[in-house]
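In the two assemblies presented below, subunit A is common to both, partnered first by subunit B and then by subunit C.
Here is the complex of A and B:
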């Protein structure tokens, strides 16, 4: 048996004429923290619901632990779900909520009690078993929902925007909490989120979805540094886009032309000499200087600056139609971050800091 | 904003409404309380006088006491059965309508709400026609299906006398009880259906999904999740509809007028307290007695409402 817990093969799910999930292939490694990231309506929740068994694909195949579960009922899969609104049973106390699944499995009371106490301890709700659900705060309800799912020892825990209803601070805490639980239990977590920061900080692997398709799958770092499509570059973090024309491809380096200047970027499969393409530049990879330097650079004029604490974000006009965002660290004796609006500057970046995006692909 | 001295102006504005309330509600009620302690009746129309608690004593002792006991017992059975049957039917239909796999849900919902939308006076008159012994559609239908003889034979097994056909729905004790109950359930179930449907729809679907993940079957989900969640929503409704049916004048009065007559008693077989009280006042002109009955009814319903408010309040507390 291979090391894949969840596999999607060409899975499609239609609602009327809309393809909510369109020929999706996915592979989730055992013990991974996997995120499905995308804007609302991108199909990530439908994907999750199909793993859970609440929804069936119109075509394609879903495997869990190598077993075909495409048409199995939810309780026949070793999968459990934490719902966005927790879906706790409001008429039961914490203990009964957590024990619900164990009672269905007809465990004896001693076993149930010891398991519930073990899991309540793990989510730090010791001694809260007899509290009513309405007496709990949002964060505590979240923990009960987690405990209820985890107590059944699933192979995969599915989390549907579990932190969306919590305030910022609590959300941070719960992110750590989730990560800790996942490491401690070694269970595969599949998280659905529209919050890119959440996906980047928590996951081992991220699938970015858009309009029912998976745009890119990979570790957070890869996705951030080497976005596969314009959508991914735009959705994750901030990106500047510049249209370029490819001049030559050589030894893994591609030379493109931008405002009559030759610029070196890492090569990309499918982007050949003569093609129109697009350059994606992260604002924090851009360096502003007063004097021209060798290497990749563009002249421009500072239009605006915004102080952001750790850094300052400058808007630099480099052509009639294009304004680049460039973030400069604020050093203690802030030598580099004091450009005034109207000042002419040079925008510099290293050859590997830019990503070349094929134009046709992004216009798909 | 600074508070202004408006003098008596607000009272002037309120005066029309207060006067209207006083004349239409407060004074008649006080007057009927006063009448309950007098011998005001056809025999003492112009010379009635204060008789203390004599009317109440008459209700609770002597020949009238038997009538009161019988009418009171039937009133409780009537109200209880009406609530339970209409709730049972309403809940059953609500569960069906709440199933998203059911096609044409809106159509059915509309159809089922109709009995509620038609004024009860009209539909009860309609039912009276349907239940007519010789010409009613129900007896006609039973006869055409050959069911009237069968029904009479089956029921005849449990009664001393053979059952006559066509069945006199509104004129035989027993049958008339069944008829008024059936019509009242028909009148009342849309309300219960709406309440149940609202309560069912307030249960988020992910709660059921969460239960299904843990292997809870449909039956188990109903018992462990639906019923407990409905209970708190339905208990206040049950109590208030019991109180409402306790005074459901129209269904009885328009259908059977309390009949059929019971020998030796002023109250008919299907009379409930409110229709009997009406009969005492406007057919028999015993105003004092009628008012004493009205006060009894008031005390009973007020107690029930008190319990209801208490329970409802307790629920708010628990939540």
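Here is the complex of A and C:
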């Protein structure tokens, strides 16, 4: 229990008739890098704002460090936020911005000075204390915003799409920096992002949200390899979906029928024999061959190929309604990545490479 | 393109210069006739003096300016500054919450609420100030209500006091403070308030450390826009004030309409103008530094 920094119990927040956050349960472990991932309007920012105290749930309970904070004001919580637009105070210099939280805690000037200096060093802004905010670049402002929040050593640091305004290269650097800071300080980070790559590369744990609900929580690898719903499979990376009928379930393996062929996939709770279901296949897990092989395979015809540098992405028609994307590594000899449009091929994959999805989640 | 038309100083260029002059000519003429000439005549007039036959004669003297500082005149000038300062202060005090409410909580009704702030302008200022008379006089509504409630035994003498003059001025110029405050507060980024709360600031601290400093341009503008007209006003002290609440505007009016001492009136006007000019320059400097902060 003590290892949980943030807990949501059945938290709901309505705006008018819309449930922005709908009966959400969350647990964030101490010291974790936790991401809230989802498309815009999925409720991730509202969730973050409720941790900070800017928004109050209509029902449910929020605990920080075991203490019920559901109805506490932001200034009563030991939580700090890095805002999307940074929200730096334009009438103060870098030092005063960073010292703002420390001054509210009435530390003496010597302590304030040493703490500000320490944190500015940590975010690599040594000696910039007297700069005015308007003189700083976007990346530097970002670091001031980070320093201003981190200097208070919060229980949780909340980051609201902090990298969205930065260009590609700077964003990469800042991702690395954030990870480094989080490790060095051991502070729990909760990051809101719509960028799945950002969430996957940085987080220890990811909550994928959609329409106010948490669809899945887990380590990035689990979320990618074993998506819980069609939405998750579709939102994270690229997925091919194929409708199947379940024939039998045995020893953790399920046999499904796809275009009159029997296919072996990992079993899934709630998907029983006779049910209609869906198969999710990642393009990079599919292997194209000219000759049929044993195991899971489907015949098809190449309709298109796109050279992508490290790999080539083929579109393969496997039935009237379905075209699969398959990515093949480009090797020097080119043997396996050399198929021409119109050529008949076999699509192969291992028995654990597919994910079976119950059909009730495929409403979208 | 032919060389003749594109050469610098060619006929086309000269023609366009004449067109430009022709376009600004009406305005220049207007400014010359109604601003520069009258102002120059006031300056000249202020060096005249009144002779024994009550005629104006040129004297090329600065005596009239000297008289502004006389013991019977200087207190009036200082009183005007005091009343104008108080008016500014109370306008800002009342206008700030009003502007805050409209800017931050007005929602869809912002335009309507601003219109309501300016609604009094649709009625003559004179009428509105007279209505304050009926409110404040000894047998007026306010005294009537207070007597009726048993809060006072004798009617208060509210009219013809510094209180009634500053009240009237504050009432009259309140919109001039509200509008610039509204502009400053409207463009205040709301996430700054959240950031302050996030960093542990209670609402009062957030106000004094973040909101107020960032609204300073509006405060300074509102202060000036109320101070300047209040300083020169003569209608309000005329109607709501008494002998002890004369302001410089009344003094000027007297010189022109009652004692026919136009030279002294002109000198007073120019001193008033100079004071306004100084306060406007000070304002621009203040706004400059406030702006660079915001």
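Here is the rule we use: the second predicted complex is superposed on the first by the 362 of 364 C-alpha atoms of A that agree within 3 Å, B and C clash if a C-alpha of one lies under 4 Å from a C-alpha of the other, contacts with A are read in each partner's own complex, and residues count from 1 in each chain.
Here is the rule we use: contacts are C-beta pairs under 8 Å (C-beta built on N, C-alpha and C of every residue); 3 or more make two chains touch, one makes a residue touch a chain.
Every value quoted in this text rests on a predicted model; they were computed, and no experiment measured them.
Engineer: Putting subunit B and subunit C on the same copy of subunit A, do they fit or clash?
Structural biologist: Here the two partners, once superposed via subunit A, clash with each other.
Engineer: After superposition on the shared chain, which partner residues are touched by A:46: those of subunit B (first), subunit C (second), both, or neither?
Structural biologist: A:46 sits against neither subunit B nor subunit C.
Engineer: After the superposition on A, what does A:73 contact: first (subunit B), second (subunit C), both or neither?
Structural biologist: In the superposition, A:73 touches subunit B and subunit C alike.
Engineer: Return first, second, both or neither, reflecting whether A:90 touches subunit B, subunit C, both chains, or no partner chain.
Structural biologist: both
Engineer: Could you pull out which residues of subunit A sit against subunit B in one structure and against subunit C in the other?
Structural biologist: 52, 54, 73-75, 79-81, 83, 85, 87-91, 100-101, 104-105, 148-149, 152
Engineer: In their complex, what parts of subunit B are in touch with subunit A?
Structural biologist: The contact residues of subunit B facing subunit A are 204, 206-207, 209-216, 220, 224-225, 228-229, 232, 318-319.
Engineer: Which residues of subunit C touch subunit A in the complex?
Structural biologist: Where subunit C meets subunit A, its residues are 189, 191-192, 194-202, 205, 209-210, 213-214, 293-294.
Engineer: In their shared complex, at which residues does subunit A touch subunit C?
Structural biologist: Interface residues on subunit A, with respect to subunit C: 52-54, 73-75, 79-81, 83, 85, 87-91, 100-101, 104-105, 148-149, 152.
Engineer: For the complex, give me every residue of subunit A touching subunit B.
Structural biologist: Residues 52, 54, 73-75, 79-81, 83-85, 87-91, 100-101, 104-105, 132, 134, 148-149, 152 of subunit A touch subunit B in their complex.
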